[in-house]
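Two complexes, one shared chain (chain A), two partners (chain B, chain C).
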Partner chain A sequence: MRPRRLLTPWVLLAPALAVALIFHIVPFFRTVQLSFTDFRLASGGEYIGLENFGALASSDVFWLSAGNTLLYVIVVVPLLVMLPLFLAMLVQPKIPGIAFFRASFYTPVIASMVVVGLIWVFLLREQGPVNWLLQTLKVVQGPLPFLTDATLLLLSCMLVTVWKGLGFYMVIYLTALANVPGELHEAAQVDGAGGVRRFWSVTLPSVRPTMLLVGVLSAIAAMKVYAEIFVIAGETAGPGGQVRSLVFTIREVGSGFDGQVGYAAAMSLVLFVFTIGLTVALQKLSRENEEA
Partner chain B sequence: MKLKPRKHGILGAIALASGVAIALAGCSLEGVDTGAAASDDELSKVDGEISFATLELSSNPDLAAYIEDTISAFEKEYPGTEVEWIDVPFAGAQEKFAADAAAGNLPDVVNLNPNIAQPLEREGVFLDIDAADPELAAEYVAGAWEGFQVPGQEGTFGVPWYLTSEVTMYNAALYEQAGLDPEAAPETFDELYEQAAAVSTAGAGAFYGIHPALENRFMTDLAKIGVPLIDEDLVWTFNTPEAVEHVERLAEMYQTGVFPADSLTQNLNDAKEGYQAGSIAVFPSGPNFLNGIQQNAPQVFENTRVAPQIAAEGEPINMSVMGLLIPKTSENQGTALAFTKFITNAENQLAFAKVAPVLPSVTEALEDPFFQDDSDGTELSKARKLSANGLERAENLTPVQYDDQVKNAVLAKIQLALAGDLSAQDALDQAVEDANAITGGE
Partner chain C sequence: MSIIDTNTVPAEATAAEVPTREPRRLRKRKLTPAGLAKRSLHYLVLAGVLVLLVGPFVFTLGTSLKGPADSVFSYPPYFIPRDPTLDNFSKVADVIPVGQFIWNSLIVATVSTVTNILFGSMAGFALARLRFRGNMTAYLLFLATLVIPFEVIFISVFLTSKQMGLVDTLAGVILPTAVTGFSILLFRSAFLSLPRAIDEAAVLDGATEFQRYWRVSMPSVTGTMAVVGIFSFMFAWDDFLWPQIVLTSQQNYTLTVGLQFLAGAFADDQKVVAAGTMIAVIPLIIVFFLAQKWFFRGAGEGAVKG
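== the complex of A and B ==
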């Protein structure tokens, strides 16, 4: 009887464990293994110790990619933590027709990144609607080179990431806002607190754990940015490859029959360490805030 | 005894580590499984089942019907054989075949182009067709046959199947608007760029002469003006004075607005869409693109004229080659070879060319009047004739070493030159240096 009782949870867990093992755990350890080799798909490879990591440290392309990725996180994460919160507050009231706006804000989330990217390429062209609007409103004299200037390209990619992510994080915030006790707002109102004061003293503290969650999720997503850059900045990642992210470079060097899989694996491992480090730092920061 | 949670954790970790260790033990660091070439006896045996993988042919119902009919005809001619057809979408094909090759599991006959196939050819994955059937080479267009040879290695590792050779397509209505003679097509690069400049000036931002489509044309255009791209020792060498002059000219055209401003980073699709939208006047492409224009933009199709592909005098023009390769891991190389010869024979290739606007790779099929008959006066038949007649001086001008990584490294520098952030000489020197660093050229 007892061995059966011990076995039952494992049997129930088996399918999920198998999926995790085959598609996540084994590939992860395989990546670690490959990162110490000069493996190429066509020709195979040999163990070369830490050579890949040495090559990474002295590679301008790697540092450019890492720098762009970090910049992406610094710009995109705060926007994706704050903007969806405001959006959620905007669509939270149960008034007729609000479901339409909730669905509209969520639509970009379910759209393919490639389709979204192509739409934005059209919008951001030198003769596209965005430049037309900016010139009509006399914000700028001539068209802005959104698709050809490295800095503007990076900003354009960030804009698309934020725009596409808003709806997803908005839904998470809506759930959190629904759990904020109405009495707290009422009590604050009775005490004479205005809208801004209630936001700072009631809403924000109540959704802080959700903000951490959104921060971590959006940071991980930003660390992995690829499709936006590929579609908007082109296959070279902008003129001179100046807009490349870590995942862009990993894919570029590791794909194809002749791809440097070992080198790409080493870069993936570095990205993994960066991501874990960032997640831990965010959690620590949030804990310190709570304690304070 | 009741297990404490901590012990559960330790057991779990041990189980996980064991699982991972067992899985990794099976993951060797060897490259692809190359298999072994079949003996002459085995090669002459035509029987049993084979799999046949093509690249995105089933989406066209006529083409799908052609392939199915040809397979049926083969099975009828060789009783006891069976061909299983697999059509793979172009996007992701390289990844799929890479995984298949690593597992020694490639289809018995696989459709690849020389650039995708080359790293596997180099490792000896495919059957040497020259050795398997020494007579075969004489039947095919020489430039296409050579596409499946690897510099520094003996043999030919695939049979060319269908070819496309681009023609110069241009929009006669835009030419007229620019005050150019719509019947005087550009014959040289000088004429092309002069006419493009005139069209862009007339367009004043509404339409342009030409899109640079660097990813598609930069390297082949260098070859067409006689720049040596890579030497026998596989060292990239395209930073010559002629190449510098070419890049300087492209940069001048970009900076003076002959090319659309966004063309620096927007790729070949942008050029295709621009031509179909009537905002680009000249678009060099394979005749197969004419069908797309006819379907998507009938008005532009009506204004489209075709002219021969442009190359400097005495230099080759470009063609794209698709081939069929037989992995040595195939357990039925005899049937695979027989099927490859069958589907690429003159009769079947001619039938193929009548279904799709491609050119056959066997010389006998090319001699058919179908490729010389443009009496219906349509641009489609004119393009077919021009394209077929150009094959004599056509080569696959894209070096097989010019893979995505090399291409991106090179074009990234050329983009900087076009934008005026780097001199043409520096851009080419750096592009050559980066390309050599990737492919191991000294």
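== the complex of A and C ==
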């Protein structure tokens, strides 16, 4: 009886431990190890110290990828922290038909990024519906080259990321809003606080921890942006290879017949450090805000 | 701002008729003109957002049904086909083995769902309900897999998969996410919140650990099972980066990778690409609207517990 009882937890844990170790933990240490080599997929390689990191520092492609990725975070995160909150407040009241709207607003989340990307490539064409709308509303004179101009391409990718993410973060906010005590709003109303006032002094303080969560989640997701870039800007990363993210470049460099695995691993580590750093920074920032 | 809770006094009710007994019914029947205007505005905004978020899908669906006489890029654009046809869908099947891709995606998503529920709950149960040396270490290990993004390690995982002979196989697609830290920790917190009493009764009855897990605890966490299942299925069905890396021959492509291939080959025929995207997304939308109630209830439950 006793030896079997000692073994049981490990039998239950075995599949999960195997997957975690073989496909996550060990590859992480292997990435660290590879980053100090000039290993290539077909021809192997050897230890070269910090050379990969030196090469990264002087690589234009790397700085372009890193810059784009940080820009992505800066633009996308504030939008994904604020817009889904408004959306959640819009679908929170229990009025007739609201369940339909809630579920519909979630549709972009369940579709794959490839599908969403292809749909927007169509909508953003030079002769497409978005350009028609902008011209009809007299926002622009001629059609905007969303899919051929490097800056507009990057913005289009960001637009798609935000559009697809709205519903996901909306659901997170819905849970948070449900936990805001109704009496708080009631009391504020009795005190004569209007809608805007109640938003600032009741809703916003109650969902602040959730805003941090959404900020961290969307920042981590933005750091890893890949599919929308690949689908919208294409395999060649847009005109002159300008529209690329870190993950895009890691894949480009590290895969293929003779991929530079060592160099790609070094870039992966930089991505890892950025991601962790950003998470910690965001948490610190919000703590200081709360103390102030 | 229209935050109306069923418990609070509706903003639109005037002081003269503050409802005390049945606010819900009262509100439905009598809306003051101001309340009515506010409510109409609310629906107007909802409709606007609906057009923004669902419109693109509807427009693409329309495009996928357009025939040769229809124009795709017309000013002003229209989405109800004047020459409706299903030809674009059969054209998709002519160019890419779309049936094969759907089958591959189905296998990947279904197996991933089953393994995440089974292995995730096994590990979650052991972590939450069994005392043993190494419990904390195992927990921290799973936590670590959450902190290390897959995007950071996929090049190494590819090397590992190559050595294990998993490249260009569906098993190779599935294994790295066969049981995720997310599933394990979700099950762990669900099991933690079960009352100890159920377990103790089972122990007194002489139940083994396996019986306590399978017979007693699993039936109590159906909500978490649904959440883990839906998310695993959706993630596996939609994933792009890893299948794109690990699958090399066309017959093994999942739908997302195949779709990207189709778009590359048919960049000029927007109707066919539209049909391809609809093939990929319609099954998922149907499943989602059928499972909708489960989904939002389960998601809330999981979030509160987690």
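Simple rule for what comes next: the second predicted complex is superposed on the first by the 274 of 292 C-alpha atoms of A that agree within 3 Å, B and C clash if a C-alpha of one lies under 4 Å from a C-alpha of the other, contacts with A are read in each partner's own complex, and residues count from 1 in each chain.
Note that contacts are C-beta pairs under 8 Å (C-beta built on N, C-alpha and C of every residue); 3 or more make two chains touch, one makes a residue touch a chain.
Fair warning: this is a prediction, and the values are worked out from it, not measured in the lab.
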(Q) Quick check on the chain A-based superposition: chain B and chain C, clash or fit? (A) clash
Q) Which holds for A:46: it touches chain B only (first), chain C only (second), both, or neither? A) first
Q. Between chain B (first) and chain C (second), which, if any, makes contact with A:151: first, second, both or neither?
A. neither
Q.
Let me test your reading of the model: by the given contact rule, A:233 touches which partner, first (chain B), second (chain C), both or neither?
A. first
Q: Applying the touch criterion given at the start, work out whether A:25 contacts chain B, chain C, both or neither, answering first, second, both or neither.
A: both
Q: For A:241, decide between first (touching chain B), second (touching chain C), both and neither.
A: first
Q.
Tell me which touches more residues of chain A here: chain C or chain B.
A. C
Q) After lining up the shared chain so the two structures overlap, which partner does A:283 touch, if you call chain B first and chain C second: first, second, both or neither? A) neither
Q. Now for A:255: first (chain B), second (chain C), both, or neither, which partner does it touch?
A. both
Q) Which partner does A:37 contact after superposing on A: first (chain B), second (chain C), both, neither? A) first
Q) Residues on chain A in contact with chain B in one complex and with chain C in the other? A) 6, 21, 25-26, 30, 41, 121, 125, 127, 235, 255, 259
Q: Quick one: which bits of chain C touch chain A in the complex? Just the residue numbers, please.
A: 1-9, 11, 39, 42, 45-46, 49-50, 52-54, 56-57, 59-60, 63, 73, 75-77, 115, 118-120, 122-123, 125-127, 130, 132, 135, 138, 141-142, 144-145, 147-160, 175-176, 178-179, 181, 184, 208-210, 213, 234, 237-241, 245, 255-256, 259-260, 263-264, 270, 273-274, 276-277, 280-281, 284-285, 288-289, 292, 296, 299-300, 303-304
Q) Mind pulling up the chain B residues that touch chain A in the complex? A) 3, 16, 19-20, 23-24, 27-32, 94-95, 97-98, 101-102, 116, 119-120, 122-123, 125, 205, 215, 260-262, 264-267, 403-405, 407-409, 411-413, 415-416, 418-419, 421-422
Q: Could you please specify the touching residues of chain A with respect to chain C in the complex?
A: 5-6, 8-10, 12-13, 15-17, 19-28, 30-31, 34, 41, 87, 89-95, 99, 101-108, 110-115, 118-123, 125, 127-129, 132, 136, 163, 166-167, 171-172, 174-175, 178, 182-183, 185-186, 189, 194-196, 198-199, 203, 220, 223-224, 226-227, 230-231, 235, 247, 250-251, 254-255, 259, 261, 264-265, 268-269, 271-272, 275-276
Q. Where on chain A does chain B make contact in their complex?
A. 6, 21, 25-26, 29-30, 33, 37, 39-47, 121, 125-127, 143, 145, 147-148, 153, 233-241, 252-253, 255-259
